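What follows is a group of structures, each given as structure tokens.
Below, subunit A partners subunit B and then partners subunit C, in two separate complexes.
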Partner chain A sequence: MTINDGWLRDLGMELRRRGVPGGTADHVVAEAATHLRDSGEPPMAAFGPAGAYAAVVSDSVGAAWRRARRPAPGPMRLRARGIVKRYRRRDVLSGVDLTVHAGEVAAVIGANGCGKSTFLRICAGLISPDKGTVQVDGSIGYCPQDGGTIDFLRPEEHFVLVGGGRNWSRERSRAKGRAAAATLDWDASTPMLSRHLSGGTRQKLNLVMAGLSEPDVLLLDEPYQGFDRGTYLDFWEQVWRWRDSGRAVVVVTHMLNQLDLVDTVLDLSGANRERWS
Partner chain B sequence: MRKLGVVADMTLREMLRRRGVLILLLALPLAFYVVRRNGYTGESIRALFLGLSWAISTAALFSASAGRAVEPRLRLSGYRSHHLYLGRLAALLVLGTGIAVPLLALVALDPAQDKVRTGGVALAMLLCVTVAAPFGLLVAALVPRELEGTLVLLVVVGMQMVVDPAGAGAKVMPFWSSREIGTYAVDHTGSGYLDRGLVHGVAFTLALALLVAVLSSYRLRTRSHMRFASGR
Partner chain C sequence: MLASGVVDQERRSQWLRGVLDMCVLAMVSGGESYGYHLVQAVEAAGLGPIKGGTLYPVLLRLESTGLVATDWRQGPSGPARKYYRITAAGQATLRQAVLDWQSFSSDVNAILQRGNAILQEGQST
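Right, the complex of A and B next:
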């Protein structure tokens, strides 16, 4: 394999990882190959690192493509109304509303301690609000910020445990879990116990568990803690795949660079509480 | 039944992989037995029962604490609360029986215990396990922090050790049944001790399991603010 071939292969992988569709990615790679052949320049001199060039291309064509492929929103899946939560006489959430339809992604943002995780746990039904209701049409998958896995079980055993709730066979649960893990560039067939996984890999496990039972509503509480850059991009690709398949996704995030790619933003910052689409 | 089986299987796998804990679970009743072995015959066997009960209830406490963070998301995955607590209880009963069997073999083969009723010892050990497992789960449900829960177990076992078994107060202690059946097995008393112990053990097992069921169902209930339009 020549230097050019290796660089072009990396470029193709990075483009796909960033969500650039196959045909467009192939076209970009072919154009780059033609340029390198005609100019005789080394790829690093002509384009720089493959990842950086893929980022530039992705920003120019990928984001526009993602917006273009958004399906029309479906029926309402999650509606939180007038959510109020107090901790020790302090209002953490005061009258928060959020509606998410099938095929939509909502981002919940705000400063540390503004109640993002609390709001998500209320939406998941894990804790009760002081006031307000949450209407859900369908099933819920929840991915916590940390924890949520069992230290002395292997990843595939976690899949069996989650799949068991849907009465799936063990083999079906394992197969679906492995396939979902592969989308995050992770081989989940490892015999390693959960407690020996790195923080980022454990979060991948958490994320796979949340989506494994194919819930209609996915509630993800900063699930990318510990992810490397590539996995972070894979994560957003997974979110868009869920959206495109008609799921309603709510992501607690403080990564503001992705907000132009979601459908609704709920800002829980105390002085700036607002919802914008 | 399938869901319950999956929970029990995974809980058991999780516990069996803690090799150090397994050794200690076996060592605790064994130490109680060995320390008292040179004294009165019955004392060593009664100490063994108490050590076994303490070990299993502690295992149940820590198992329940470890599962506390995962159970809510398992509820969302399609499990009902009874799948979760009954699955865990089943795993603990299997684990407890697995620990009791070699201890029973030890008593049966120990020349110093050649006159005891082995069947009575086996029954007492079985009741130790069936009472201790839900008792540990109950303590975990009432006292969510592990350290506090461990101290509660310590207080109960300590009281069980010093309380007068003939006194009225002893009958409200969870492990009184094994003491009564132990007396039947060691001292060759009439069947009154066996009957009282059996009734006490079964009643406590059922009552503790019921309390665990009530508390687990409440903790994992569908919250009143949730309105589901279709099946979960």
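Right, the complex of A and C next:
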């Protein structure tokens, strides 16, 4: 394999990961191949790293395409109103509001310790607010920041546990889990116990479990910690797929570079406690 | 001397970033062209060397906004190439852009020349 072939293959892969449609991606790769042949330049000189070039291409066509094809938002799925939570007389959350509809993605941002995870746990019903209400229409999938996996079970046994709640057969649960894992570039048929998985792989397991029962509302608490860059992109692609299939998604994140693609941003940092769309 | 040369290069590439899409649109207004040919044409026009990684995203944006139309074809010699040609919408955009640029560049010229004139006066007194 020549240097060009390797770079072109990487480019195709990175474009698909960023959700550039197959036909467009093929044309971009073919055009780059022609350019390299015509100019005789090495790919790094003409285009730079494949991942960086794919990002620029995706910005040129991908974002517009994503916005164009998405269906209109559906009914309200989650409404948090006037959420207040105090720890030791300190207001962690003071009157937070958030509404998310089916087919929308909300990002919850803010500095460490500003109450992002607390807010998500309140939305999930895991802890109670001191004041305020959470209204959820439908089922909830929750992906914690860490924990949530069972040390002495294999990944597939986790899928069986989740599927059991929906009366799925063991084989159906395993198959659905493996398919979801594959979209994160992970082979979940491993016989390893979850306590032996890397931190990033355990987070993939958490993420797969959160989406496995096809919930109406997905609450994701920085689920990509320990992910490499490719998996991080796969993660956002999964978020767009959930959104486009009519789920309401709430993502706690400190990564700001995806914010132009979400529908609602809830900023919990300090004085700047407001919401905009 | 070297340092100022580097800065000039940066400034030039910043300028180019602002006008490259309009230059490309103007270059395909006279007839269709393909990527590598446009790279050569931009350099031959004195705007300096540009990378494929800079040009093709510009072409993609022009295509996705309907200002150019494209066609994959076998060239007179060599492999299949993607040919770009201007559309009616592209022509309208280009006409407007020419007017906007003339007005903008004459404003910039006026400011720069005024500043330069003041410097000249200072030197002569």
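The working rule: the second predicted complex is superposed on the first by the 277 of 277 C-alpha atoms of A that agree within 3 Å, B and C clash if a C-alpha of one lies under 4 Å from a C-alpha of the other, contacts with A are read in each partner's own complex, and residues count from 1 in each chain.
We adopt the following convention: a contact is a pair of C-beta atoms (placed from the backbone, for glycine too) under 8 Å apart; a residue touches a chain by one contact, two chains touch by 3 or more.
Computed from a predicted structure; not experimentally measured.
Upon superposition of the two complexes on subunit A, no clash is found between subunit B and subunit C, which fit side by side. In the superposition on chain A, A:Gly125 contacts subunit B only, with no contact to subunit C. Applying the stated contact rule after C-alpha superposition, one finds that A:Val28 touches subunit C and leaves subunit B untouched. When the two complexes are overlaid on their common chain A, residue A:Pro144 makes contact with subunit B while staying clear of subunit C.
Residue by residue along subunit A, subunit B and subunit C are tallied for touches, and B comes out ahead. In the superposition on chain A, contact of A:Asn112 is made with neither subunit B nor subunit C. When the shared chain is aligned, subunit C comes close enough to touch A:Asp38, but subunit B does not.
By the touch criterion defined above, A:Tyr53 lies against subunit C but remains apart from subunit B after alignment on the C-alpha atoms of chain A.
Once both structures are overlaid on their shared chain A, subunit B and subunit C have a minimum Cα-Cα separation of 42 Å. Listed in rising order, the residues of subunit B touching subunit A in the complex are 2-3, 6-7, 10, 13-15, 17-18, 66-67, 69-70, 72-74, 76-79, 222-232. Contact residues of subunit C toward subunit A in the complex are 34-36, 39, 51-53, 56-58, 60-61, 64, 72, 78-82.
Within the complex formed with subunit C, the residues of subunit A that make contact are 27-28, 30-32, 34-39, 41, 45-48, 53, 56-57, 59-61, 64-65.
Residues 122, 124-129, 132-142, 144, 147-153, 157, 160-162, 164-167, 193, 209-210, 212-213, 215 of subunit A are the ones that touch subunit B when the two sit in their complex.
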